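Would you mind keeping the following structure in view while I ask a few things?
Note that the chains are named A, B, C, D and E in the order they appear, and that numbering of residues resets to 1 at the start of each chain.
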Amino acid sequence: MISAIVLVLAIWELVVLSGWRPEYVLPGPVAVLADLWNRLGEPEFYEALGVTMRRAITGFAIAVLVGLVVGAAVSRVRPLRAALGSLITGLQTMPSIAWFPLAILFFKLSESAILFVVVLGAAPSIANGLIAGVDYTPPILLRAGHILGLRRLALYRHVILPASLPSFLSGLKQGWAFAWRSLMAGELLVIIAHQASIGEQLDNARELSDSPGLLATMIVILVIGIVVDMCFGAADNALRRRWGLDQRVG
Amino acid sequence: GGGGGSSGGDTAKTTEVRLGFFPNITHSTALVGVQKGFFAKALGSDTTLKVSTFNAGPAATEAIFSDAIDATYIGPNPAINAWAKSKGEAIKIVAGAASGGVFLVVKPEINSVEDLKGKKIATPQLGNTQDVALRYWLQEKGIKTDTKGGGEVSILPQENAQTLQTFATGDIDGAWVPEPFASRLIQESKGKILLTEADLWPNKQFVITHLIVRQQFLKDHPDLVKKLIEAHVESNAFIQSDPAGAKEAVNAELKELTGKPVAPAVLDSAFGNITFTNDPIASSLVGSADHAQKVGLLDPVDLNGIYDLKILNEVLAAKSQPAVSDK
Amino acid sequence: MTAPIQELRPGRTDGHEPAVRLDAVSKVYGRELLALDQVALSVDRGEFVCLLGASGCGKSTLLNLVAGLDRPTAGEIDTGDARIAMMFQEPALFPWLTVSGNIELALRVTSSGKNTTKKERRARATELLEIVHLGGFGDKRPHELSGGMRQRVALARALAQEADVLLMDEPFGALDAMTRDLLHDELERIWRERELSVLFVTHNVREAVRLGDRVVLLSSRPGKVIEDFPVTLPRPRRTDSAEVAELASTITDRLRQEVLRHAKPATQPAAGAGIEK
Amino acid sequence: MISAIVLVLAIWELVVLSGWRPEYVLPGPVAVLADLWNRLGEPEFYEALGVTMRRAITGFAIAVLVGLVVGAAVSRVRPLRAALGSLITGLQTMPSIAWFPLAILFFKLSESAILFVVVLGAAPSIANGLIAGVDYTPPILLRAGHILGLRRLALYRHVILPASLPSFLSGLKQGWAFAWRSLMAGELLVIIAHQASIGEQLDNARELSDSPGLLATMIVILVIGIVVDMCFGAADNALRRRWGLDQRVG
Amino acid sequence: MTAPIQELRPGRTDGHEPAVRLDAVSKVYGRELLALDQVALSVDRGEFVCLLGASGCGKSTLLNLVAGLDRPTAGEIDTGDARIAMMFQEPALFPWLTVSGNIELALRVTSSGKNTTKKERRARATELLEIVHLGGFGDKRPHELSGGMRQRVALARALAQEADVLLMDEPFGALDAMTRDLLHDELERIWRERELSVLFVTHNVREAVRLGDRVVLLSSRPGKVIEDFPVTLPRPRRTDSAEVAELASTITDRLRQEVLRHAKPATQPAAGAGIEK
């Protein structure tokens, strides 16, 4: 991991040193890391991080709830599936900016408008993950559940949901990515004065053509993404260990 | 509904005025007014000012349409669009804010209009004032262009930030852009001014920022609108009388809003190129719309009634300044 | 075909209503594969019926139909309002639950289990695991067990359901003869105590004779009931007793006829084709 | 399906008729459908659709390739996984606009710059789908493959890849959504001579505060998304039928 | 323990090098579960060794170790450069391939199969399917087969590998006695023709005696080799012959001792706890 990072930085520095592009267009790692270091020294950065993370987590939590309910309903109720199944992916492909007018219409310039965009971005992914999991539940387990007398909700809770967990988890991961990207866009929609956020910082850096700042913010986003992925990865590993899906052979 | 925006038109007491603007040098009137507390002072203690910032016109228009703000500083194009799309129901322009500060910046080797042939020139957005101005100007000079980047001069609408980059890397040969981007192109990428847009207009004046309000708000709370305009006028007066203090205020506010002040050299140069005026320069708005129609970027639109300068003129009269015209 | 034989059988029925009744049941898979053809079969209350037949003759299909997991293409199946438990041919344990958790889930759903506490269910699961000789394995996960152990967990789970009808698809196939004998005793005891009706699929003819009140033979493709042997030997019986062996060999002969009748067309060319190196 | 659409339209019309918001903010279905109808009558619309679909499909195809290679490598090569595993999700959370400067730096103002953004948007999803599938390949099948003498690439091709297909498919679906959203953003990046595009139309509608136009474009996007989902759905159903994952019980 | 017996055995080895040799092999699962304890066992070239033991005693574990699918915690396993084929306790068919496709995949990987055409492999797969009495099922998918049919496909797949050593984990567990007899004959024939070394796990003692050159008994927890019976009966043998029955009953008795020794502590409380309704 660390060697990979060092390698990337070295190549990057070499490209910059080669003078391929002027420094203000493609700044070197030194400039970027200095900028990043400055940011990390300012309390404002942590405020922004806090605001963005709070929104991300709230939005994601709502999306998980919505995704679960919608996914559960759509995956098991045939008419709903016929009516809504493909719509979910349709919604997923809708870019965030298309929702902005509606978001403002419903929620004015409040944080709810941001959350609206985030939820619309993430919930379809989560629902789709659940639906895929449900669809690939091994029939023999469904039969076993049926024989045990589990029906409808009980069957869902005790058999289908746990069987769908791996796929649901990967849906959650994708959902997080959607939520985050939507949030980065949404934070430009409602800029609450004097409340900095990562999305705004990203846009500001771009707006001001502040290349080191942009790259520093990208690094921040990347690191957050990596940390979140590690959490999901840990959950996933725990799941696989418990289910006996350890794959070492020979 | 937080804060009591009155959509119903009743006489509910408004205790909040919601004002929008962009963290941008052409919106210095707002930046200074907020930073120096002119708005807060004018509105008094029983009315609070709630400011929202936007990164572009559409969001501000959506907010005004959705009754999420009451007034905002905005450029001429979004104002025309808001007027046209709402068939004259949504907004009114109640004051001008800034004029000038738009340039055609090109690579040093380009010296004349003829040299532009075969080159790529950027504008901020298809159909916006600068885009229209460039197309109209080229049309006047007999140079063909089209809205899809073809023709003798290839016009590439792209965001100003991207223009900075593509100009630096040589992907484009010039750009018709407002401040502070013009100054940055010149200072950072050795661009040079081929044309000052002001030269194309009567009195070298054309609007780039003005203040619009929601019509319903204007109807319900003319008193509040008046207080806003008073602060607006005071802010512009401050900028004119104390440019150094104004610049300081602008950068302080920008630092608070975006985390980064503008480089002093860019700020100086940009400030020098922009005139902050209460006059909305109505003729340029109408003229620009007319040009847009001529280059095929706008359906005919009736701008009659887009201005409501009565309050502004009252305020100006009270300060014994000359009235402005909506023609 | 089954009717005249029923009188002979030492069943402990309490009346005329059978627990399971199949009436001219057929099952077609896909477009043409006739898995079951006009099968008529009934299992009385408290009766233990063993089902024998060649591999692929439709035994599992029949059990699935009785359990209501699948619908017959034709014919009728009546199980009244009996609660049905089933042991599948595979263990079909839930991998996300521990061994004990699998059994507790079954306990939870039973009518008597609805009001039990988690602790009571846990204790009951432990008892059941001891019955199948898996005491101490409650906290393992299914993938940590051997094939035969998983099968026994599935048995414990089926017993936990406290059903009226128990369908068992080769329940002891993966067990050694000794463990099997021990479980035969347990199963017989529980069957008696609970007055279960059991439909039991096996390939082991002696096992069928050891356990069944009747042994029913199915033919292959299409599956049809071809013979219904009553087993009148007194209980308890022993798998290795001479009487069991004798009846078993009668049944085996009948079965062999049936299997060979089918196998021949397949074996002949195979013998000719051979496997050369 | 049709009844669902009619229901939605009816509710929408009712809300509009109630006068909750003026028509220029929330236009009714009639206005929107009229606008849509107009668009459908113009050849320009089909040009734009063609351009966008071409870009979407090209970008997606490249993303599938990249995702497959990266996913395959990362999922099976331990050091790569340690180094890159979480980075994939990190990249996935990076908003498209953050890539714009780099895209232009590498590809100038060409269509390749758009494709770059699209591929960066979609490939991580696809790789992640594959990785999840690989991780959840039943160990018994791996063992069976190993016993057959399949190793490395052969094991991958004959066992791991087919076993991962369901998860890979759902990764593809998510990848399509990412590709499409990135494309909508990317089409504003480079405006290429003589080529209108859906992304541009969406942005123009918003820029001009043209609510009916915006909603009409949203419908177009939704319909494309639904059609694409149906293709994936068909593939998925075929797969499940062949694998015997039909779930009817009772 | 195995060494002195080897001299008695009617094996057809060509020298001193065994095909499979386990030397003091132990396997611990998790932290404490000792599945195999110091197992020493060897299978000579061309020898047919049957492995018997109670459910959960470590038979599958042993086979996995020999196949190289798992690593022993201690001890050494030597299989030289023999190619190893294995039939798992579950069919482990690839659901995305047809029945024939599963076999063709195995054919494709064998050294002799590398240069064959698709058509040749297809023909060979059809032959193999006929050997296991599944002619005509080549185009079905695994989920369309019955349990016993799947097991036979797995057998065909293992045979397709043309390996030197064949490991079989209860290969005929889900088959009826008749089909089983037919397959015994086929397996014996192939074993002879190809001079295979076979390690064969079963719970059916007669089957072990019918097929094996030696029958090895494993104890339970920890798994240890407790006895190694040479089978000197002349081939071909019949499962229902008296000689087979006699030896089988000797072995069964020995096995019973072993199983009961373990089962007791578990049965006692179970009998007490019982299942009350």
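Quick notes
In this section, a contact is a pair of C-beta atoms (placed from the backbone, for glycine too) under 8 Å apart; a residue touches a chain by one contact, two chains touch by 3 or more.
Please read these numbers as outputs of a predicted model, since none were measured by experiment.
Any chain that touches chain C and also touches chain D is listed here: A, E. Of all chain pairs, the one linked by the largest number of contacting C-beta pairs is A-D.
The centroid of the Cα atoms in chain B and the matching centroid in chain C are 83 Å apart. With each centre defined as the average position of its C-alpha atoms, the distance from chain A to chain C rounds to 49 Å. Here the CA centre of chain B is 37 Å from the CA centre of chain D. Multi-chain contact residues of chain E, defined as those touching 2 or more other chains: 68-69, 90, 144. Within chain B, the positions touching two or more other chains are listed as 58, 62, 65-66, 165, 169. In chain D, 21, 25, 100-101, 105, 143, 146, 206, 211, 244, 249-250 are the positions where the chain touches two or more neighbouring chains simultaneously.
Across the interface of their complex, chain A is touched by residues 64, 67-69, 83-86, 88, 90, 92-97, 105-106, 109-110, 141-144, 157, 161 of chain C.
Residue ranges on chain D touching chain B, taken from their complex, read 21-22, 24-25, 100-101, 104-105, 108-109, 188-196, 204, 206-211. Contact residues on chain A toward chain C in their complex (touch as defined above): 140-141, 143-144, 146-150, 154, 158-159, 162-163, 165, 242-244.
Looking at the complex, you find that chain E touches chain C at residues 29-30, 52-56, 58-61, 89-90, 127-128, 130-131, 133-135, 144-149, 152, 159, 162, 169-170, 173-180, 182, 186, 189-190, 193-194, 203-205, 240, 252, 255-256, 259-260, 263, 265-267, 269-270, 273-277. For chain B in complex with chain A, the touching residues are 1-2, 5, 18, 51-55, 58-59, 62-63, 65-69, 160-161, 164-165, 168-169, 184, 188, 256-260, 262.
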